[in-house]
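First chain written, first letter: the chains are A, B, C and D, and each begins at residue 1.
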Amino acid sequence: MIASLAGQAMVKPSAMAEPSAQPLAPETLRVEELGPPSPHWLIANDANFLGYMDSKVYLFDGDSGAMLAMISAGGYRNSVELAPGMSHVYSPETYYTRHTRGERSDVVTLYDTVSFQAVGEVVIPPKRATGMPNRHYSGISDDGRFVYVNNITPAMSVSVVDVAERRFVTEIETAGCTLVYPTGERSLALLCGDGTVQELTLAEDGTLAQRRRSPQFFDAEADPVTEKAVRVGDRWYYFSFDGWVHAVDFGGGAPRPAPRWSLFDDEQRRENWKVGGLQFAAVHAASGTLYVVIHQGGPGTHKDPGNQVWVYDLATRQRRAVFELASPASSIAVTPDAAPLLVAASPEVPALFVYDARSGAMQRVIEGPPFMPTIVQTVPAAAVVGEAATAGSP
Amino acid sequence: MIASLAGQAMVKPSAMAEPSAQPLAPETLRVEELGPPSPHWLIANDANFLGYMDSKVYLFDGDSGAMLAMISAGGYRNSVELAPGMSHVYSPETYYTRHTRGERSDVVTLYDTVSFQAVGEVVIPPKRATGMPNRHYSGISDDGRFVYVNNITPAMSVSVVDVAERRFVTEIETAGCTLVYPTGERSLALLCGDGTVQELTLAEDGTLAQRRRSPQFFDAEADPVTEKAVRVGDRWYYFSFDGWVHAVDFGGGAPRPAPRWSLFDDEQRRENWKVGGLQFAAVHAASGTLYVVIHQGGPGTHKDPGNQVWVYDLATRQRRAVFELASPASSIAVTPDAAPLLVAASPEVPALFVYDARSGAMQRVIEGPPFMPTIVQTVPAAAVVGEAATAGSP
Amino acid sequence: MNWLDRYAARSTRRVAQATSRRHFLSRLGMTLAGATVALPLLPVARAGAPREAGDPESCDYWRYCAIDGFLCSCCGGSANSCPPGTEPSPVTWIGTCRNDADGRDYVISYNDCCGKSACGRCNCTRNEGDRPVYQPSKSNDINWCLGTTNNVYHCSTAVVIGRAAE
Amino acid sequence: MNWLDRYAARSTRRVAQATSRRHFLSRLGMTLAGATVALPLLPVARAGAPREAGDPESCDYWRYCAIDGFLCSCCGGSANSCPPGTEPSPVTWIGTCRNDADGRDYVISYNDCCGKSACGRCNCTRNEGDRPVYQPSKSNDINWCLGTTNNVYHCSTAVVIGRAAE
């Protein structure tokens, strides 16, 4: 058909269609490098449950929605730890010589954030806690020297890694207590099954110097606190299944629990408003603003996603706003800057949802992959607003 | 609320609701074993493109739709090779010590089909062809002794593995020719860029004994044959982009191409009916029935899925039926028994579609995972109908 | 219905909530029955052999009240057997579920089957009685492929290990 | 629209077919123009700087006529750069695509970026001029992470390496 048309017009097409623009010049393939961190960088861990031995960590620019880079992060994704100045990403990872068989190696891999390449690794005991991803299965000291990795075999312990010297330091037994809540340059807390927290103080070399326990402050049977917590300075805020906030002060001496207060008034509690999700709380430390994913549901819904984020002023303990979400969220994080973004995600939806953290207005949907976004993270405050003293949202 | 109701009725609930059935007995957890192979077992390779270093092979019962077992099959899934009696599954796999970094190991893993466990592995040169999955990146000798793995670096060669002795035998250079089409107990063919096939004959120990080339029988520029092919006895059937069937006879002496014949008549060709897909052809060897996935499309659609399967009698070269599919298929396979099933899949749809291969009537949809089914396979004829001589559909 | 919905449908919360409500009503029913108020909600007790009802490939099956994972029943195993080639975890978490067919509560052991990557089928998450990981014996968030040859998780079972203490 | 549809939308065949049709019409247009039949389909030639048009994050971008993979433009790279921390493949396959903005055909080199697992974004499969793997320099089925530190595939680029021979 075309052949016959062409047959009537035997002029060589290119001979007359030659345009007057200059031809494109030959190009050379290059490799991108990352610029300095933006306060609106967003990090999404993809546990990739259908192929969890091949998990990923994605980096996005929250302003443009553009993907910036990815880390190929081995098996059993939880979250990454970030150097305070964002020079490195430290990632606890699990490997097998035959991916799902053979010899297991657990490591903390060090990634440079300019080249975004693996630049080193530290082998740790092959015991790191795995399962449903948890933000508090690892932590980093405030000065960025030590990374802590939580072990559950189900015996409980913490591995300490010196990322400056790139060496494994020690494994600290923590019977009955687990999860990692950094509380300073040489200290971290853990939650215990008896309703207390335990604080470990480390020597300068990362070995254990001291253990301290809080009095009991929650009832692990009647109304346990979830693992999900946020930090502002010396305080960690824990949340019970029924919506009570338990702040614990780690500013010196033994950990000091503060009197609990409630996210819900009596009517809200009767209406079954509940906290829930994989990582349902976030904080904007500089303004003392708490963000909590909320849903309505009965007992056993403490891990359900929510359609709302309730916003609280930590100083007054008053609810300041309710954000309606475009899509149910299981995990949220808030950027540390003065014009903060709130990023929300759920493993069931392959996308990130970006909101203005002050107004709740939706800014953009970043379509995935990440295919099953689990823990979302933002850059450390110190990396972008020069306030190392103000520990941001974990 | 419930508490107050209960308060009015302080009878212990279980005391009066006690039913008369015997209580359930305590159970012991056990591990299933597979029974003998059924002619309707279906094998689905899941390349799992979003986590391809953690790929899988699923086994289903095509009659019930039940999943029977799974293999965790490392990186870069193509397909598996099956012992003629189905005693073992042999799987070419790629591993890295850090899953996406570190040292690479390519292996053929041996799985027992009773326990469905890995029972051994043979390390092969780390060169196996990867990329879009291809059924013909590996093959097995008719007696099940040797597995062949195709290498593209892009230099071309074939690795020979003795699965009986569980050892790597040799790597045979095959410059200009690639892919694996077994032609007997000690021979295999490859497709070449000059429009020929090359046949390798092996000595009893698996080393190269002889090379033979066919005359040129297709035009690799004007109308190349695709890699996808089916075998009946000594003959392999290749299909050109434009729908020409090139049969090649490997029954003795140099490979003998037969005159080509066409899947399409002139009108069908004008209407742009085309073959297409990842594995668009299958054969029921015992009845000499050819199945081809067909779509309408222009040039460059040779890998598009199709909504129809056209059914041909290989003896008469006549089209016998057109099956309309419930969902577009990219890969098909046909079971070797007298009441054959046709299984169809596409990586874009997480499901397997099972049809009666005689009538085209849809039997069932098996919902995935497999999440991204790529190559589908059926059991060897010898395993279920006792006809080792009748090599079935690859 | 989109694929993720379908993927989630055999799971999860929707089913879990429905189940919770039913369970809730059933408990309420029994309490009222204790006060001699007859309610059709009550399972009708018949004499004889042990009984249970429901579809082990469905997330609302009674034994799954505290499960979180891929159901082995959809993966070549069953509620109390691991698929071929996998290894049962010797330690695990425990839940208490009500068997509506006989009106009794049972202790259920949610052993994982290990040694192969995710089965991926019949994802089911129900959290009745689930507790945070600092109470590991009640936590379904923990990967219980512990004490096995490796910690690679394939699917989850729900094995009756006895009647719950009154 | 379900997720798989969305996943496929930025790919693939639908786009590719549309593009093929457009390309086809454009070629037809040029042939007719050779017979002095003026058609609005023709790109209007303007003098000056090199020109190309379209969205490098879209599968129908002109350079992608023979690509198969995840677009590096959606992964932290661009049509001619690899994302941070990845390694370009030194060998690859070659296609010839028509730049509608200047009416010229160019040779495009589809180098893969390697060393990290699948980016997973902007899956794009177009097979214009693609040939079976026994003609490797024209085959997009081959994983071209060859000659790199490892063969782990992340995404694909589309680099202009010159004008196509007439």
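Simple rule for what comes next: contacts are C-beta pairs under 8 Å (C-beta built on N, C-alpha and C of every residue); 3 or more make two chains touch, one makes a residue touch a chain.
Please read all numbers here as calculations on a predicted model, not as lab measurements.
Engineer: After chain A is dropped from the contact network, which chains belong to the same connected group?
Structural biologist: Without chain A in the graph, we get one piece.
Engineer: Which of the two pairs, A-C or B-C, is linked by more C-beta contacts?
Structural biologist: It is B-C, judged by the count of C-beta pairs in contact.
Engineer: Please work out the Cα centroid separation of chain A and chain C, and write it as a whole number of Å.
Structural biologist: Roughly 29 Å separates the two chain centres.
Engineer: Centroid of chain A to centroid of chain D, CA atoms only: how many Å?
Structural biologist: Roughly 35 Å separates the two chain centres.
Engineer: Between chain C and chain D, what is the gap in Å from one C-alpha centre to the other?
Structural biologist: 49
Engineer: For chain D, give me the residues that contact two or more of the other chains.
Structural biologist: If we look for residues of chain D contacting two or more partner chains, we find 3-4, 7, 115-117, 120, 152.
Engineer: For chain B, write out the residues touching at least two other chains, lowest number first.
Structural biologist: 50-54, 72, 99-101, 350, 369, 371, in rising order.
Engineer: Please output the residues of chain D touching chain A within their complex, sorted ascending.
Structural biologist: By the definition above, chain D touches chain A via 3, 6-7, 27-28, 30-35, 42-43, 45-52, 74-78, 80-88, 99, 101-106, 109, 111, 113, 115-117, 119-121, 152, 154, 157, 159-163, 166.
Engineer: Inside the complex, what are the residues of chain A that reach chain C?
Structural biologist: Of all residues in chain A, those touching chain C are 49-53, 76, 94, 96, 99-102, 104, 129-132, 134, 152-154, 176-179, 190-193, 220, 224-227, 297-304, 348-350.
Engineer: Which of the residues in chain A end up touching chain B in this complex?
Structural biologist: Touching chain B from chain A are residues 48, 50-55, 72, 74-75, 93, 95, 97-101, 105, 107, 118, 121, 369, 371.
Engineer: Report the residues of chain A in contact with chain D in the complex, numbered from low to high.
Structural biologist: These residues of chain A touch chain D: 2, 5-6, 8-34, 54, 56, 59, 66-72, 111, 114-117, 350, 367-371.
Engineer: Quick one: in the complex, what on chain C touches chain A?
Structural biologist: Going by the criterion above, the answer is residues 4, 7-8, 13, 16-17, 20-21, 24, 68, 91, 115-118, 120, 123, 125-137, 140-144, 146, 150-153.
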